[in-house]
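In the two complexes below, chain A is the common chain; its partner is chain B in one and chain C in the other.
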Partner chain A sequence: MVQIRRLQEEGAEILAVVGEIDASSSIELDLAIAKAVGEGVKRILIDCSALEYISSAGLGVFMSYIEEFRDKNIHMVLFGMKEKVANTFNILGLADLLHIRPSKQEAKKLINELSL
Partner chain B sequence: MSYRYKIGCSLENLKGIRDFVRKSLKGHVVSEVELNEIVLALDEMCSNLMIHAHHCNPDHSLELSIDVPQKDKLIFEISDDGEMFDINRFSEPELGSLIQEKRKGGLGIRLVKSIMDEVEYLQRNGRNICRLSKRVG
Partner chain C sequence: MFMGATLSWIVMVFSDVTVLFSDLKGLTPDIPFWLPRITLDLFIICLFYYYRFKIEKDESLNFTDLLWKVFATGLVATVISLSLRLLDFLLGSTKLSSNIFFIEVEYLICLGLMLSFLIAAYTSWKRLILYQKSKWLLRGWTVFELALLVVMVSDNLEVVFSEWMLTTISIITGLLALILSANMKWVAYLNFRQKWTSLLLLLLSFFYLGYFFYTVNRFSDEISAQSSSFLDFKAHVFNMYLFSFVMLYAIFSFLVILFNLPTSSVFEQKLEEVVNFQRISQSVQTEQNEESVYQILLESSVSSVFADAAWLEVKGEQEQSRVQTLNITETEALKIQQHLNGRNVKGILDESTDRTRNLSDHLASLKGTRYRSLMAFPIHVKGEKIGTLALLKELPDGFNKEMTQIVSAFANQAGISIENFRLLKEALQNERYKEELKIAKTVQKSLLPQHLESDSDFEIAAFSESADEVGGDYYDTLRISPNHVGLIIADVSGKGTTAAFHMSQMKGIFHSLAQQEMEPKTFMIRANEALKYCLERGSFISATYFVVNSLDKKILYSRAGHCPVLVYRRADQSAQFLTDKGAALGMVKGKDYCNFVETREFQYQPGDIMVLYTDGITEAKNHKGEEFGLEMLRKSVEEFSELTPKEMQDELIRRLYEYTGTEEINDDYTTMIVKFR
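Let's turn to the complex of A and B:
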């Protein structure tokens, strides 16, 4: 139901989330982020352009890393969300707690600034 | 118009629930964002029930029905014969405390309450019914 593709680009790790994240598939997202963190990645970009749906289980995965990332000086920026997906984040006000940008370019710019 | 869907309590089946809701509401809900909100709220309600009232036992089932009594009003009923799981009894966790505790839950109830206009519980023929209503358009 969800596929996560991983690629490196200019020193940042991009996790492209393809499909739908719900209570049965959120573990895939969790494992992919945990793996990147375990490998010492400090800059994580989440490509949401092919993310069709996310439920609270998926939102919870992103939320669960906020503190760990703060402690370990890891930065994560999400980008490319469709309007319906962005709306799900906005209902809960998560746009204030997570870094979200419209485009990959803007996401890269932000993650570079955050990493300074 | 009314639509009905019966499904086993396995999280793998949430996708089927979402597809059923999307298909049923085609023509009744125009905006993609609004349709996604409704799909989301029902997914959250069903996954909560599957997890908390049925411990994801696929032999247990729940039934979702969608009723469109008038053009701008939708009524959803989720019925099951498990333990009553009343989201109105759960306080919504603060976003701040969710981060602190690294809890991967609690957000769903907040979503449902934001999206639906009404969430009420009743009993009919010995079954629990959760009725959600939403004005659209």
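Let's turn to the complex of A and C:
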């Protein structure tokens, strides 16, 4: 079960992911990101502080946007991951492909730098 | 039997003629004078059995067929009798025609014909009376038949019974006949047309009865006028009884049918309702889709309450509304709905109630439609309202309470049918899905190696168990050269048939690339190249590829997003996870994938152990929802380090099941344990 809340802060879209993302709930994550992209959002912050678990399907969602974001000049930064979740990203090698920061401030700072 | 009847009739004719002849000549007849009577009885009994087999036992006859048989017998008998009279007429007043013997033969022929007609009718009546018989009715009938037999026998033995006994028997027989004649259940099952036919047939039968009675009577009068010893058929009490009974039941039937005529349409209506009801409930088995159920519901409802038009609005499985109409256009139906909504009539049509409503009052003011009565019913499936049935009539106040009940029952039955139909469809789909999964699982199992490479340097044990859903775990070994063995463990993201499909691709890639003796990093880059066009968006394969070099006692490996390798070193008595970097296959589609993988190497010594596993193992949860985790895996390996790979694997799996507390797994468990020696 997952809940995704959307809020805007300083020109960036924050998607707060609450709960667990498995094969079935990954669809919701995908829809939420796709919606933000469809609305023309250029800066996306993913708040993972309330994310308890993510399965490979959930990781696949983030992965699937890497190239699209590069082509469209959209930037995405993830932040606030719990250790266990961060470990999953690390094992799969996604930590090198995605921008991950420990705190919201750092994430905001990074996304502003990237957008310049 | 028929032959017997004919034979006894011929004997009767001869004996009777002889008796008559001798009487006329004043001689004592050579034959006993009771012979004609006995032969007459024989004739009757033979006919009785003949018709018993012809009419009573014939199951294929329905009620009108029975009446028709009686009528047909009467017709044949009458035609024969009439042709005799024609012959009589043609002969004019010749000698022959006034000859008493000739008249006698004519009389006997007519008597025989009348009796056969009477007995045919009697047998048919028996069937009609005994339709839906009860135990008491059957007993009554048996007594009646016995009484008739007694009467017949007593006729011949003349003075066996005293006068009062005969009277008693007559009264009893008469009463019984009356009671039995009251059994008219069959009439109710005739439809309107059949009733008219029956009336006609009965009327004609009356005519025959009257005709025969008159003819036979005239003959017997004529004969008895000339001969004193001639015995009138009327003196034969049985004949009179039979005649009266047949007449009585025919009159009863005639009257009952006549009075039932006006109500027959109601009865037919009820019968049609039952049939319609059955149609709706059976439609699940026979019909291919829900539309036919709706169509049957519409037709049945309209025909049951004589509605002029109807529409059915159904919310389909995909939420969109569908309207089916009968004798009304969709536009008009919509107009009526809008009119009712406009007048703020809270009713079933706007889905605010689930009660059947009679909305006739509100139609009176609607112009542009000829309908003046409206009744609406909800259709429920699993307690949820899925549609509305609306019936229309041109008459104002055209619906009554009974009609509401009938259509309500129809709507309920249709709801049940549709529910059953949906359940059936669901079950079929599930079955198909299960079947597909079974195939995928078989494919997946067959992709795993039957035997694993072993060496003087190492021994391997591997285990893989998947949940009900098909997983995508894969492991394999391949001897590259005498001193080089390739090992792989992989996990395809996702489950089901696609996972099994990607797994087979991975197997193909492993077998073709490993043979080319390439460095593990190159292996991964090439594998990524091969896979990036096959994997759909968002799916990937995590894998670790090893090359064991038994010459240099070293292992080269490359990890692409797979769980870190656990290596137990005997020298340190401890196990550690190897840290390295590597992105899963299919994650990076571009050429820069080479930046995300690397080749690592380490030395091994005898007694060292390498444990490969998939995330199903580390993510297995206990009842508190806590994961088995890396640490527990590491400790277990240290603990079991002295065992053989196979024993170690069994212990590890046992511990895993113990931890989760159930034999049911919700992910794939795969391990490959390599122990060096």
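As a working rule, the second predicted complex is superposed on the first by the 116 of 116 C-alpha atoms of A that agree within 3 Å, B and C clash if a C-alpha of one lies under 4 Å from a C-alpha of the other, contacts with A are read in each partner's own complex, and residues count from 1 in each chain.
Going forward, a contact is a pair of C-beta atoms (placed from the backbone, for glycine too) under 8 Å apart; a residue touches a chain by one contact, two chains touch by 3 or more.
All of these numbers come straight from a predicted model, not from anything done at the bench.
Participant: Let's test your reading of the overlay: on chain A, do chain B and chain C clash or fit side by side?
Facilitator: When both complexes are placed onto chain A, chain B and chain C end up clashing with one another.
Participant: On chain A, which partner touches more residues: chain B or chain C?
Facilitator: Comparing chain B with chain C, the partner touching more chain A residues is B.
Participant: Examine A:G11 and indicate which partner it touches, taking first as chain B and second as chain C; both and neither are also allowed.
Facilitator: It touches nothing on chain B or chain C.
Participant: Have a look at where A:G93 lands relative to chain B and chain C in the superposition and call it first, second, both or neither.
Facilitator: A:G93: touches chain B and chain C.
Participant: Does the superposition put A:D22 against chain B (first), chain C (second), both, or neither?
Facilitator: A:D22 contacts chain B only, not chain C.
Participant: Quick check for you: in the superposed arrangement, does A:M1 touch first (chain B), second (chain C), both or neither?
Facilitator: First partner only, chain B.
Participant: A:E83 in the overlay: touching chain B, chain C, both, or neither? Say first, second, both or neither.
Facilitator: A:E83 sits against chain B, while chain C stays out of touch.
Participant: Which positions of chain A sit in both the chain B and the chain C interface?
Facilitator: Common to the two interfaces on chain A: residues 23, 26, 56-57, 59-61, 63-64, 66-67, 91-94, 97.
Participant: Could you list, by residue number, the parts of chain A that touch chain C in their complex?
Facilitator: The contact residues of chain A facing chain C are 23, 26, 30, 56-57, 59-61, 63-64, 66-67, 91-94, 96-97.
Participant: For chain C, which residues count as touching chain A in their complex?
Facilitator: Residue list for chain C touching chain A: 491, 493-495, 537-540, 542, 560-564, 581-584, 587-590, 596-597, 615.
Participant: Using the touch definition up top, name the residues of chain A that touch chain B in the complex.
Facilitator: Where chain A meets chain B, its residues are 1, 20, 22-24, 26, 53, 55-57, 59-61, 63-64, 66-68, 83-85, 87-88, 91-94, 97.
Participant: Which stretch or stretches of chain B touch chain A in the complex?
Facilitator: These residues of chain B touch chain A: 11-12, 14-15, 18, 32-33, 35-37, 39-40, 43-44, 47, 51, 95, 98-100, 102-108, 110-111, 114-115.
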